[in-house]
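These notes open a run of structures that come right after.
Both complexes shown next keep chain A, but they swap its partner, so chain B is in the first and chain C is in the second.
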Partner chain A sequence: MSLDPRCALLLLLAYLAVLSSVPTGSHLLLASLCALPLLALSFSPLPKSEILAQAAYVLPFSFALAAIALLRGNLPQALFLLVRGYFSILAALLVTRWLTPLELLRALERLGAPRFLIIVTEFLLRYLDVLRKEADSLRLAALCRGGAHSRLIASSSLAMLFVRSLERSTAIHNSMLARGFRGQLPRPTPLLWRPLDSLSLLAGLSTLASLRFAL
Partner chain B sequence: MIHVRGLRYEYPDSGPVLHGIDFDLNPGESVALLGPNGSGKTTFALHLNGILHGAGLVTVAGITVTPYTLEAVRQKVGFVFQSAENQLFLPTVLEDVMFGLLNQGIPPAEAERDARAMLASLHLEPFASRNPFHLSAGEKRRAALAGVLVMQPDLLILDEPTTFLDPPGVRELALLLNRQSMARLIITHDSRFALTTTTRAVFFEQGRILASGPTAEIIERFDWL
Partner chain C sequence: MHIPDGILSAPILGGFGLASSLGVLISAKRAESSTQPHRLPLLGVLGAFVFAAQMVNFPVGPGASGHLLGGALLAATIGPWAASITMTAILILQALLFQDGGVLALAANVFNMAFLGVWAAWLPFRSLSNKSLGLFLGAFLSVLLSALLALAQVSLSSGVLTRGLWLFCLALFTITGLIEATITLAAWQAIERLAGRSTTNPKPLRYALLSLSVVILFTGVFFASSAPDVLEYFQHQSGIAPSSAPFPSLMPDYEWALFDLNWLRKSAASLAGLLAVFGLSVLISRFVPRGQQ
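Here is the complex of A and B:
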């Protein structure tokens, strides 16, 4: 039995809030908080080494911030920034890899994210492969006619892709209108919040709160 | 079923496209719209469910098409567009087939039951939870058709339904369409397909209907095979 995606998102937000509030020097609290996503990862069926490596992508950005702390001669703060950055991304990756993109979008929508943004993202997800295929076709057509990889070809292909996308979006809108679209995408399977979700959320929040205030 | 009188339309950027079309379609009748590219066939069809609004009278199933009757008209008219890719815009086939039903206010559980039944009748049940992008051209065409047929329209309009279909796919589609009892309007360049799926054809040229009659006769008259 899996959790409602909203529960996972709320727990993630709470975790990030607590992690970002850890004062420099609270080593035990930081270690406990860092152990949580590692624990979750160890019990999950997700590819562990891949996720641990992906979370490291944030390190160059964190290094920039840590460098400022270092320049001020504050090594502990620099290390704290690196660790917090890494584990924030690790937790976010855990949730986003555990949920499907659609579950994530539905959860965000139900939690009050702008509906327009959600619909646009949903359409982007649906048509990303189509756009990629069209871009490949344009590139291939250019190469077949002797075109080399150049900025000119890339920019004209991009312009053509934009025009095609515009035409496609008109056609999609027409087909939506033809089937009775009135500005709101109907949701066939509403998210179902069960007692288990309440319990999980309560347990998660209590754990975070007790760690934050006890350590 | 359809009653059109004096329909005129012009696109803002390309001048007049329809020059006073008169057209009638009887309930249950299947008619092919033939004619060269740019002759106004699709533009005409888009008026039948109010996607476009020109000058003249358009009545569908007793309802005059105006900006105020679109909801009722679109419940009567099912439109399968030329590009199935553009018609299947939701992330899964099942959600897409349910889209029209949910817009009609049908409860989700009932809509899902009907959508699954429709998918099963078109041999698409195994693809219900798949992303439409990963279907073959024939499967996409059938899924697009499922999303329209499930709404039980009184009139089915198909714009170039054989595009990208291989010969077995075309045959399968023809069989499927011939099983339907509602009125059908089929825009096509495929004369053989028109011969097997329609009894009457009208020939468009430069925004006018030049002739109407039995499909075989029209195809022969305009050398359209």
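Here is the complex of A and C:
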């Protein structure tokens, strides 16, 4: 069973919105909402322990706030901040690991994000690794020349990276023109919204609404 | 500065969600109309440049290094509308691929860094005739204001931040802002050098610093404390203070006896000291090889 990326993204946003609206003392509601991503994870083919560990990535930020709350003698609020932060990122991870970045961007576009923004993001995604490798080469070259602690070498490396980025963008545009680019990027595989997606979205939203208003 | 999910309250998320959505729509429209088709890949590649540039560490002090954040450099190179869109694209990928910042909190992060951060950098850069000074100030304000707004959002949502923590964070963000400003300016000047067109003229900055020093010299005496410094205080307290100076001093107690007025005596002594240090620095720079300085 595979959902349309738009449906998955909308369900994620609804879940995060409901989770962010939970008041501090509502333990039952918080526990029920926390159970939902765990349930989804148990049925998903994703690596469970890896996802659970990766979700702890957010903890340093939440932990700092929780520590402040704890120092002020508010243990329930400290725990609440930690739990809410952890399960928010767990839910986000489930969706972002399940869908590819391009599917996510396509879903954002179909949900109303400006096409120009999506195209810029796609270019960024495409050339992210290319420029990272360039930066890595420059860093290695600086290290080999003994310039690890030189501000001049660091700024020259950045400038060189910038100029190479400009050159790269010109080369990309020339290749696009050679492939018939006329100002619009084609979308070869449109997203397909099926009745199953409508049903899933309805079921998900009803569950969240009933939990939020019943508990 | 990237706020994760689970921290911000629903009203903050809703308010900044609306503001960011409007901002993205307007910026995308303005950036699209002002960007020629051949520059379309440039925005994405510059976004990737900012990601990659964050791998280049800058030495910023003894044992410490920092990296470029990039909002000010983007604003200075491609303008505020395109820079806002590029920063938004960076934040989207950071949230979706690297879990750096929340998915729902993306709206608040976009407002803080892609709009406030970029425009806070752009306005001084655009307004000041000295571009280096404008960029330095812009990069500093970009980081400081973005971080302070993020802190305000977190504080309003969680209500855990105290006045002391606010002051601590303000000091921390000021340092971060100065680091970003230094790195941005160094990168900008290197880009200018590499592009073979130096638009920066250091003379106005030197004159401004010189004028500021002279103003401080002549007005600082009115605000200075007349109490002894810590060392003198303990010398007097412990009774080991010398009864007279071991050798004759030209300007004892930082006063030049040539003048009658107290403030003028102190200011003249300070100015003489400043000129002596300047002269010594010039001599050192002339006679000591640069590599040994």
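Convention: the second predicted complex is superposed on the first by the 183 of 215 C-alpha atoms of A that agree within 3 Å, B and C clash if a C-alpha of one lies under 4 Å from a C-alpha of the other, contacts with A are read in each partner's own complex, and residues count from 1 in each chain.
As a working rule, contacts are C-beta pairs under 8 Å (C-beta built on N, C-alpha and C of every residue); 3 or more make two chains touch, one makes a residue touch a chain.
For clarity, every value in this text was computed on a predicted model and none was experimentally measured.
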**Request:** Quick one: classify A:Leu3 as touching chain B (first), chain C (second), both or neither.
**Result:** neither
**Prompt:** Of the partners chain B and chain C, which touch A:Phe61 in the superposed model: first, second, both, neither?
**Reply:** second
**Touching partner for A:Thr189 - first (chain B), second (chain C), both, neither** = first
**Message:** Applying the document's definition of touch, where does A:Glu122 land relative to chain B and chain C: first, second, both, or neither?
**Reply:** both
**Complete:** Comparing chain B and chain C in the superposed model, the one touching more of chain A is C
**Message:** By the touch definition at the top of the document, which applies to A:Leu30: first (chain B), second (chain C), both, or neither?
**Reply:** neither
**Request:** For A:Ala107, decide between first (touching chain B), second (touching chain C), both and neither.
**Result:** neither
**Request:** Quick one: classify A:Gly180 as touching chain B (first), chain C (second), both or neither.
**Result:** first
**Request:** Determine, under the contact definition given at the top, whether A:Leu13 touches first (chain B), second (chain C), both, or neither.
**Result:** second
**Request:** Residue by residue on chain A, keep only those touching chain B in one complex and chain C in the other, then list them.
**Result:** 122-123, 125-127, 130, 168, 172, 176, 181
**Message:** For a test of understanding, state which residues of chain A touch chain C in their complex under the given definition.
**Reply:** 12-13, 16-17, 19-21, 54, 57-58, 61-62, 65, 68-69, 72, 74, 77, 81, 84-89, 92-93, 95-96, 101, 104-105, 108, 113-114, 116-117, 119-128, 130-132, 134-136, 138-139, 149-151, 154-163, 165-166, 168-170, 172-173, 176, 181, 183
**Fill in**
Seen from chain C, its contact residues with chain A in the complex are 3-10, 13, 24-25, 28-29, 31-32, 37-49, 51-53, 55-59, 68, 77, 85-86, 88-90, 92-93, 95-97, 99, 102-104, 154, 158, 160-162, 165, 183, 186-187, 189-191, 193-195
**Complete:** Seen from chain A, its contact residues with chain B in the complex are 102, 122-123, 125-127, 129-130, 168, 171-172, 174-182, 185-190
**Message:** List the residues on chain B that touch chain A in their complex, please.
**Reply:** 46, 49, 51, 70-71, 74-75, 77-79, 81, 83, 85-87, 89-91, 94-95, 98-100, 102-104, 108, 111-112, 131-133, 147-148, 151
